[in-house]
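Handing you a structure now.
Note that the chains take the letters A, B, C, D and E in the order they are written out, and that residue 1 is the start of every chain.
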Amino acid sequence: MPKIRKSMASKVGLPPGTLLHIGDMRVEKANINVLHYNEDFINETYDAKVSELSGLVTRPGVTWINVRGLNSKTVECIGQQFHIHPLVLEDILNTDQRPKLGDYGDYLCVILKSLVVPTGADDYAAEQVSFILGPDYVISFMESLPGGRDVLNGVYERIKGRPGKIRRQSADYLLYALIDSVVDHYFLVLEHLGEKIETMEEEIVTQPRPDLLSRLHALKHDMLFLRKSVWPVRELVSVLERGEAAYIQESTLIYLRDVYDHVIQVIETVEIYRDMLSGMMDIYLSSVSNKMSEVMKMLTIISTIFIPLTFIAGVYGMNFDNMPELKWEYGYPLIMSIMLGIALVMVRYFRKKCWF
Amino acid sequence: MPKIRKSMASKVGLPPGTLLHIGDMRVEKANINVLHYNEDFINETYDAKVSELSGLVTRPGVTWINVRGLNSKTVECIGQQFHIHPLVLEDILNTDQRPKLGDYGDYLCVILKSLVVPTGADDYAAEQVSFILGPDYVISFMESLPGGRDVLNGVYERIKGRPGKIRRQSADYLLYALIDSVVDHYFLVLEHLGEKIETMEEEIVTQPRPDLLSRLHALKHDMLFLRKSVWPVRELVSVLERGEAAYIQESTLIYLRDVYDHVIQVIETVEIYRDMLSGMMDIYLSSVSNKMSEVMKMLTIISTIFIPLTFIAGVYGMNFDNMPELKWEYGYPLIMSIMLGIALVMVRYFRKKCWF
Amino acid sequence: MPKIRKSMASKVGLPPGTLLHIGDMRVEKANINVLHYNEDFINETYDAKVSELSGLVTRPGVTWINVRGLNSKTVECIGQQFHIHPLVLEDILNTDQRPKLGDYGDYLCVILKSLVVPTGADDYAAEQVSFILGPDYVISFMESLPGGRDVLNGVYERIKGRPGKIRRQSADYLLYALIDSVVDHYFLVLEHLGEKIETMEEEIVTQPRPDLLSRLHALKHDMLFLRKSVWPVRELVSVLERGEAAYIQESTLIYLRDVYDHVIQVIETVEIYRDMLSGMMDIYLSSVSNKMSEVMKMLTIISTIFIPLTFIAGVYGMNFDNMPELKWEYGYPLIMSIMLGIALVMVRYFRKKCWF
Amino acid sequence: MPKIRKSMASKVGLPPGTLLHIGDMRVEKANINVLHYNEDFINETYDAKVSELSGLVTRPGVTWINVRGLNSKTVECIGQQFHIHPLVLEDILNTDQRPKLGDYGDYLCVILKSLVVPTGADDYAAEQVSFILGPDYVISFMESLPGGRDVLNGVYERIKGRPGKIRRQSADYLLYALIDSVVDHYFLVLEHLGEKIETMEEEIVTQPRPDLLSRLHALKHDMLFLRKSVWPVRELVSVLERGEAAYIQESTLIYLRDVYDHVIQVIETVEIYRDMLSGMMDIYLSSVSNKMSEVMKMLTIISTIFIPLTFIAGVYGMNFDNMPELKWEYGYPLIMSIMLGIALVMVRYFRKKCWF
Amino acid sequence: MPKIRKSMASKVGLPPGTLLHIGDMRVEKANINVLHYNEDFINETYDAKVSELSGLVTRPGVTWINVRGLNSKTVECIGQQFHIHPLVLEDILNTDQRPKLGDYGDYLCVILKSLVVPTGADDYAAEQVSFILGPDYVISFMESLPGGRDVLNGVYERIKGRPGKIRRQSADYLLYALIDSVVDHYFLVLEHLGEKIETMEEEIVTQPRPDLLSRLHALKHDMLFLRKSVWPVRELVSVLERGEAAYIQESTLIYLRDVYDHVIQVIETVEIYRDMLSGMMDIYLSSVSNKMSEVMKMLTIISTIFIPLTFIAGVYGMNFDNMPELKWEYGYPLIMSIMLGIALVMVRYFRKKCWF
């Protein structure tokens, strides 16, 4: 997952409303596709011109303006046409924004974090997705260009595909469908993380290797990032779901309530995963300490058995002139038997103490 | 207990209201039993046909439609007859749902998790139980087929058995009795877990074996699952108990308040068990460390006594030409006595230090 | 203290309101004493008959029916005479109940846990105490028979003793006095526990023995039990003290506020004791680890000094033909002096490192 | 600081309102000084008689009755004159009371804990300070006799000193000044504790001695006591500051808000200190473990270097008849060189591993 | 960062409203610059005289009085001219104040903590910044003199620079801009701390040195300080943003909401950093314990291999007359081979146990 810290410094000192793209993917030109539809017809405009967008939304039916690739000029131009407050545009461009909902009377602004599971060895793709809901249009902003892993693509295809429910509904239902799609992808990420956690859980019990620790730490990081991304969505959807925001119709509330339930479920699962990770940390540490205790026992057993024997051998290696045992014919086998006896007594003692 | 993570992925990308059964037990055909009763009569219909259900609820008296085995076609058909919102049907079929209460004006939907203690070596049986409360009927949905361990069976038998209180009451009392039965089984699960905890508590003090750790971890898992299942029930029953939901009559409220108390008691006990498990973890770790400390002491005592003696023996094993002690007649017994003296002093020192 | 887990299983599956005594002390016959008093007279009825109780409360003045020994038949009979809801009777009989307050319009039901400090080697006596407050009577239910350690006895004696304040007041003041007596005994239990904690605190610093750990664990258990018993009392008394419950008069509120303050104080002290126990756990563990570290140092000092010396002795014990030092006249004293020098240097080094 | 546990047992079983002094300092006779003042005049009565107090407050101007030394007879007598509820008098006498505010219509009762930093080797002086605010008088109760370290003395001197702001204000401002003085002393205690913490913080890093542990534990105790004393003051002052209590004038509210801010600051600092103490505990434990690890390394290095060498020396100390190396002319220096080589290789290996 | 504890003691005992500067930087003379502007003109007065300030704010347009250097005489003089309550002046001078907002009807007082990242080796510069908002003026107070690192400088330059948005707005917008500038600097501090944390995170995994511990502790300290400084700002801005304070116009609310979002983001990041630091502590401790476990294994392997061999060598160094093996021609190579065999078996055993 991406770093929690992004460069927040570049905007400090600038007056509010200064449009400056803060993020990793910089593009020269945004790609804008427009879907215009109602129950009966559907119209797709590829690569629409920024300056003509405001004309497109005056037609009857729902219009979805899908802007991919963030670029301060494009966003500013769209802002002017749809009379969007500069602070809102600033939030859309600053991809380090906290998820939030703004109801500005004429339009609604929803900013979310989308998360996509990695396809191969690459990392989770996290980016900021912003929506502007007007009376009969939705403008969506994403950082990534078309072609990549795109959380909104499913909705796009569903509208184009067949004249389903979404085609019979108004723009607020489209907004719901887009938010729902973002939230649904959280489940995929959770499942991906859950698989990792389960794999590690087994490994920890069977063979606790030192690298588990940093992998546990990385997973904790991911959880922190996920929580940071999802937590504010709870309140945001809760406001929408209570039907207090502009343009949200009564009939859409039941669907938003469904999204709300999903968000709660994501949050609960994240908390449970955090609990499980803490538990795994404890188990890892105690496995390590168990292993060390085993090593210590080995050392102690060997030392405790052989140190007294070595001492006895040392005694009979002394060069005193007058050591009668050395002259005995069976001195040597006798002393060896005594040593064996001592060793056996000790082994039995350790057995009784359950040391091995 | 079942895994916390279920496959949430298969539904992502589908439009809302798509009916798809998400769960482990797939059946071709649901088994539907109908109980129709009031104080005076009782009527049981085995294996009712799905298409005729709506006719059954028009008769006076309370009707309980007990659907066992989840199957998207059956649920869809029931949904059409009773005019249930597709999102509600989706929740009933998606067995990874969070416990929740929905008041849809014409009907009430309650979704719970039932838990049954294992009879033999098998695991806790957890499944989703959903209830639809209409004006004078209750529809219950379970995943398991008849014959298994069934949390609702007790209520079923009680109604059939004798014309008790439940026969004199309306459908909301039936809903109460069903919820109460689910919550009562939580107590059985808690007691089962409590027994396990007590057994482990004794074992930990007497003989802390490494496998205790993973058993502790498994119990913590169970607690997390239980908490996840029970926590939302608190709020759910609280809403019912305040009498704000449709079809809930004044006279039933006192019973729901009783259920509410039970749920609080379950939650408190789960929290106490979690506290106890953390405490046991600490005790386990400290027992292990105590044991290791004992091992270390043994090593230290043996080494510290014999290392100096071995050194002395080594000294008189040196081959210098001019070592007068070696010529003394009583050099050998003298040096042996000195060694014995050193050993005794050391043993007394360790005794004083309370090492053994 | 008693086990946190009691047998919750025996009631599962029974219809609500089934009267079944759940507890440890089963009696054939309850002992019922009745005090009937006002400012001017006092009347005591020993061993009153269950069937005549309702007649006793019609007389002017306050009547206290003190039922000792729980028995489902007795409770059921009392319930019928005073028109008490079966669920309330069920709560009174089920001694695993959570402390709770029920306002049923005609009467008030208060359920508390009483705790009595052990007199000798026996354990804390915990039992459930229930009160029913009617217009001018209080019925109290206890599990224990007369003769034992009884938290209500003090109030009983006070009423009988001299015509004090309690004799001039109505039944709600009697209820207050009984609750106050139960809460006062919590202080005695806290003090008893506090003494134990202080004793252990001193022991931990002076000589941390392994059995301290299980005693600490037992104390933590006691705290969990105490918290579970006292926590709900806070809310319960708070409701009473706000004067929202039936039969509670304005003039009694100030006394209930006093009880409320006491309950808060008990809760705070329990939390502080829990904090202290956690701190003691840490100290115990770190004392153990300090002790082990001392053992290790001893081993290391002895080994580190003698191992090199033993090596040197070993070298001059080798049997090479050509070892010129062995022929020197002062070779032996020389090598012994070198060894002494090495030992002294090492001792000084360890001194400098503050190892002993 | 004083023990958290005081003897709570002596009052159990007595009827409410029984006046019994619970505390450490028992006096035969309380010392009562009365200050009577307004902007123009000031009147001081030393050692006022208890029976004449009610006459003193009828004069115009503000009267402060400063009672030092708690004694149940004195308090009872004052209570009768000023018509104070017996429960309030009981709270004043029971010095184990939780800080609290009571608004009894005719008068206001404020109970606080005062804390004074030790002057020499003695402990923090903690005692209970109670205030009764009437229409134009304040009665203050303290346990200590005049001459000691007295938190109210500063205010006393300020009033006597010069005709400042306090002389122009009514009795509620006097109450504010007294509470403010108590809270100000918390800052002194905090600073004293803060100095101790900083000293220990340095010690822990430089030389972690075992006695640090018990000093840390003692500081944690002090923090618990402080928190217990200050926490309820927050709510208490908050109620006063909202202007809901009797006799509190509009113009005094801004000053009470200032006290409220101070209390919040004290609480925050206590919480930060608690955090810091936990952190220091961790550092101490890890320093100990670091030190032990160092000891272990020393042992391991010495043992690992000399054990193989000693083995080699042992080999050439064997008495086999046929050991050709023993006959070689340069056998001895050769074997010594080999030993040196082995030692050097090992030292280099440990260097590479960063062991020393 | 500065110490959490400052000298709170010097004010204890003084009457409220006593003006006394509590802080580190004492100056003889404050430096006062005045900016007077509206959309059309801008006027800068350097080193304005304190006594003439009230005259400057009567002119139309917005006036910003920028006071740098705290000095009780200056503040008192300003207070008299603008009729500011002595308690407010006391708060401004006491630089150990908690961030707070006071709405005094005629003016608004905002007290914040400013934090500036160190430029070189010096520490974070923290100081108290206070603002007084009147109908068309803002007075700002800072401790530092001009020339240093000044969080308000950016706003100053922006106003002087070009006739931007800020010049067209009223005084409340200026207040917003100043608060925003303070909050923006928190991001810089967070980024600086974040970099430190990341550097340490890498170090901990690669080479956990003992000094990391005290650096971790220092970072935790910084976090505590930051949290203490930022936490109250949340509530403060929240009050402003709800438009309940005097002089705050409707049009400024959207900007304050933006500041509020930033403050929330700062708080969340601080909490995440605290979480990460705890995690790093755990990793550090477990790395140390891993390293020690490695050391132990080394010791155990070497000892366990050589101790038995040394014993065997010792046996054949005994001087018994009758030891037949010593006479064997191939006794010596035989015994050496046996020793080699034992060593190889042991090495293989440790390999199997995954010890190295």
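To be clear about the criterion, a residue touches a chain if its C-beta (ideal position, glycine included) is under 8 Å from a C-beta of that chain, and two chains touch if they have at least 3 such contacts.
From a predicted model like this one, the values you see are computed outputs, not experimental measurements.
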item: Shared chain contacts [chain B and chain E, defined touch]; value: A
item: Relative orientation of copies chain D and chain E, as a Cα rotation angle in degrees, nearest 5; value: 70
item: Chain centre separation in whole Å, for chain D relative to chain B (CA means); value: 43
item: Centroid spacing, where centroids are CA-atom means, of chain B and chain C in whole angstrom; value: 27
item: Chain A, residues touching no fewer than two other chains; value: 289, 292, 296, 299, 303, 307, 310, 314, 317-319, 323
item: Touching residues (chain side chain E, partner chain A) in the complex; value: 154, 158, 164-166, 177, 180-181, 184-185, 187-188, 190-191, 194-195, 198, 205, 254-255, 257-258, 261, 264-265, 268-269, 272, 275-276, 279, 282-283, 286-287, 289-290, 292-293, 296-297, 299-300, 303-304, 307-308, 310-311, 314-315, 317-323, 354-355
item: Chain E residues within the chain D interface of the complex; value: 3-5, 7-9, 11-13, 15-17, 85, 87, 98, 100, 207, 210, 213-214, 217, 220-221, 224, 228, 281, 284-285, 288-289, 291-292, 295-296, 298-299, 302-303, 306-307, 309-310, 313-314, 316-319, 323, 325-332, 335-336
